[in-house]
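One structure below.
Labels run A, B, C, D, E and F following the written order; every chain starts at residue 1.
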Amino acid sequence: MPIVEAHVLEGYAPDAKRRLVRALTDAVRFVVPAPDEAITVMLHDYAAENYGRGGQMRQPAPALPDPEKIVLDYLAAMEAREIDRAQALLGEGFVMTFPGAEPMTSLAELIAWAKGRYRFVKKTYEASEAFHSNGAAVVYTRGTLAGEWPDGTAFEGIRFIDRFELTGGKITRQDVWNDLAEVRNA
Amino acid sequence: MPIVEAHVLEGYAPDAKRRLVRALTDAVRFVVPAPDEAITVMLHDYAAENYGRGGQMRQPAPALPDPEKIVLDYLAAMEAREIDRAQALLGEGFVMTFPGAEPMTSLAELIAWAKGRYRFVKKTYEASEAFHSNGAAVVYTRGTLAGEWPDGTAFEGIRFIDRFELTGGKITRQDVWNDLAEVRNA
Amino acid sequence: MPIVEAHVLEGYAPDAKRRLVRALTDAVRFVVPAPDEAITVMLHDYAAENYGRGGQMRQPAPALPDPEKIVLDYLAAMEAREIDRAQALLGEGFVMTFPGAEPMTSLAELIAWAKGRYRFVKKTYEASEAFHSNGAAVVYTRGTLAGEWPDGTAFEGIRFIDRFELTGGKITRQDVWNDLAEVRNA
Amino acid sequence: MPIVEAHVLEGYAPDAKRRLVRALTDAVRFVVPAPDEAITVMLHDYAAENYGRGGQMRQPAPALPDPEKIVLDYLAAMEAREIDRAQALLGEGFVMTFPGAEPMTSLAELIAWAKGRYRFVKKTYEASEAFHSNGAAVVYTRGTLAGEWPDGTAFEGIRFIDRFELTGGKITRQDVWNDLAEVRNA
Amino acid sequence: MPIVEAHVLEGYAPDAKRRLVRALTDAVRFVVPAPDEAITVMLHDYAAENYGRGGQMRQPAPALPDPEKIVLDYLAAMEAREIDRAQALLGEGFVMTFPGAEPMTSLAELIAWAKGRYRFVKKTYEASEAFHSNGAAVVYTRGTLAGEWPDGTAFEGIRFIDRFELTGGKITRQDVWNDLAEVRNA
Amino acid sequence: MPIVEAHVLEGYAPDAKRRLVRALTDAVRFVVPAPDEAITVMLHDYAAENYGRGGQMRQPAPALPDPEKIVLDYLAAMEAREIDRAQALLGEGFVMTFPGAEPMTSLAELIAWAKGRYRFVKKTYEASEAFHSNGAAVVYTRGTLAGEWPDGTAFEGIRFIDRFELTGGKITRQDVWNDLAEVRNA
């Protein structure tokens, strides 16, 4: 115990199934104090002809993409300043909130603002977490920042955490916290 | 679709079952693009006599406590400076990392350090999220800080996010990020 | 084979469960050529705390009443001319269609019309069938009619069939066919 | 809720599965007041090697044919007077009961009898219902009749209902009610 | 893996359930090379109102008794020469086959025959096994015999094995093999 | 009732599935007094991607071989004195216990010992039973022996029973009981 069975329409790739199995396993670990090797998850696939709701047969829909991959892809694009590639990952209503700035909606705006804060910044990731919460996929990435201040002085090991929301596979919100001000003004 | 069935030993209170149902539902929403009203979760209870593993009958174990409640309880105790009550919620190896400080392990240490940062601080919570990740329960609480600087000046609306880890119902780690330095030094 | 499992919220009386088991068994017999003793139905009850949809716990609703009982009750009340008792079983929009008459909506109208057809009529039921179709419960009752013509002559063994629709436990439609004209005019 | 799972031997065509899903859904609607979109049906297919009864592996049997199709096919053949095609759909012991006639067993007998009733008759179908009841598949078709009396006068809009029983895919019984006498003698 | 679910009518005592869980676990171990702690068995109880076969509700029947207990009880009664108690455990058609004797049907016959073989004999049980095979419960008990020959000489450590068949909780067959002759004639 | 479902990783051949279905059926017959035709077993296969334990996907392992076949193969090889073929079926720690002999571990030892007992012996099998017990597969074969004594005299109809244990598909133990001494010394 416990044993979890999920009944889904067929068509999900092994990768999506792996994420579903992990998410269901973590859901159990959240409440039930069972050792890992006792938590079993079984997925049942159903061909469309084997499933009906409301007396109607239904069509399978593709799995939601891995939000962690999308976020890491976005952060890599931003770090390389590949704006078009980053922009393609954003959804309608996207808004970013950075420490010490009013919420921003455009990447150009962010880049201009960032120029006043540092020459460049690189992220070293410690860990990331992804789950569903209240209608959106949520991704947290945290780690440390390294880079150069406007005056050329280097900095490193500055703590950061980003929180992303994704809907329908697109990033709709980014909230950033970091210790840049602590260190800059130390 | 999808439908999730979880088979658990009996004895979980309705509150624990509610958390399990929510967690399993969120696990599905994480991968499957189904509308909420299509995600069904069914829990099957088993009396100890109805379940065996390795040919042996097993005993049910109590559910893990709600980590969100424990964290909010801890933060309330700290805000009220009820140190004993807060301490009782901490587990072995507890370590706190605050912006601009080296990691701390004792609450007395934290309180002394905080004295130099502000006269007092109150948290206004915007949202909290809880889930299992890699062997621990993780809780994020975020919102804004209000309070008074050492010189008596008031501050408010300062963004913060805390990340907690809990194991066996005890808090073992707290990481804090906030914009205090941004605002203080603005 | 086949085996049918139905997962329902708890609270249904044994009588409702019996009807559900029969209906599910007949559903299988309709498509699968298995001998009766091979068709198994198992009902799983769920306490409200063991079931969630869309992450929310749901409340059980009482079973729909047995439409066959309601119809036979209505026909008995009409035969005894207990109009109030019959009326209480009717739903909004109730309409009756009898052979040789325009559709009627009121029981008084029906009784007046019937006076011109026969002194009295008694139904002998051969069989009744009940099932769900297109949003309503449907009941067929058939058998023979016996009674007296307006001139006092007796008649018997006249074939009839009635079709009823019920929604929410109330009768909303009655269609009648019979051989009264064949026999009367023979 | 509710959720129905049916375990069947593999080999049923999508069309048979669709009928099974609909029948199971209607079985639930008959007793449980759930909205349509809450009634889920899942079919589990079993290869012969995955199923045993009494310790023996069993062979799948083909699904029963759609009785509604057979009945409409029969009625179309009769309307077109394609007697051989109609006869092929009849089973042993077939008996027909029409208003104003003794039960008949041969199609030739019916055709001869009908000659005295009308020159021809065409059916306009309002609806049909099919389900299993007491060992047979039952089909009801109802609507109106149009045609010409023996004297050539036309008639139309005359109410009719037919009840068919099928066993093993063959029609074994037909009971007919209609208002021909009401109208003819009006 | 593997996971076994058994659906049974309610009413079985914990002891019967334990035997069922063990038997199902052993059934899996017979074919699947899974470690013991990976074999899970879950029993689902059904109240009579929650189960139907052939559209009929069925009544639960009591579990079959533990044949191992019955056999050991019988052997103890025979050792103590409590003939009535032993006889009560026998079923119709009971037949015993001992080494060096024609099949016997009555306990008196056995006791008389045994007198010629030894003064008394006591069984030391090494192990017993019980399972179902071909319509009967089968129990094997094996170990060693100790006792006295007719001439008063003692013997011990003589290998034996008994095979019993039980139907409906009564012993219907006993086959005995032992090395008494090997030792006696050595 | 009852109904047994076994969830296994895919890859088992029909023959292994047949043995699993029989073993599960016998497990039920051991405790539940249901008629054979009421005991249904359904196997659910899972592709590796549809199953996870402890959040990890697992690999299927091949089924254990049919121990009855291995034992009968071994006995046939021994009867034909094909020692290499017989030896290949033995596992580490194999030990044989025959009536009137100390336990033996080598086939050569057995053959030499047997020479003193009879010129040759042939087995006629009455029945065999196989099941899992306490970590090993157990096989019983019983029947009668026929052959020739060292002096050339023939014997036949002598009762025997053999008990084998197998682990990992290899024979690790053989215990033999028979009436050779009874008959030889009669």
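Definition applied: a residue touches a chain if its C-beta (ideal position, glycine included) is under 8 Å from a C-beta of that chain, and two chains touch if they have at least 3 such contacts.
Bear in mind the structure is a predicted one, so any value in this text is a computation, not a measurement.
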- What chains, if any, are shared contacts of chain A and chain E? B, F
- Query: Under the touch criterion given at the top, what is the topological distance in steps from chain B to chain E?
  - Reply: 1
- Query: By label order, what chains touch chain D and chain F together?
  - Reply: A, C
- Note on the structure: Equivalent interface to A-E (more than half of contact pairs same by residue no.) among B-D, B-E or D-F is B-D
- Query: Quick one: which chain's Cα centre is the longest way from chain A's?
  - Reply: E
- Item | Chain whose average C-alpha position is farthest from chain B's own | D
- Query: Can you give the whole-Å distance between the Cα centres of chain D and chain E?
  - Reply: 56
- Message: Rounded to a whole Å, what is the gap between the Cα centroids of chain C and chain F?
- Response: 61
- Item | Shared-contact residues (touching 2 or more other chains) in chain D | 1, 3, 7, 26, 37-38, 40, 42, 44, 46, 51, 53
- Query: Who touches whom among the chains?
  - Reply: A-B, A-D, A-E, A-F, B-C, B-D, B-E, C-D, C-E, C-F, D-F, E-F
- So in the complex, which bits of chain A are touching chain E? 1, 3, 37-38, 40, 42
- Query: What does chain E use to touch chain C in their complex?
  - Reply: 7, 44, 46, 49-55, 57
- Item | Touching residues (chain side chain E, partner chain B) in the complex | 14, 17-18, 21-22, 25-26, 36-45
- Query: If you look only at chain D, which of its residues touch chain C in the complex?
  - Reply: 1-9, 12, 16, 19-20, 23-24, 26-34, 38, 46, 51, 53, 58, 61-64, 67, 97, 99-100, 129-133, 135, 137-138, 140, 142, 159-161, 163, 168, 175, 177-179, 181-186
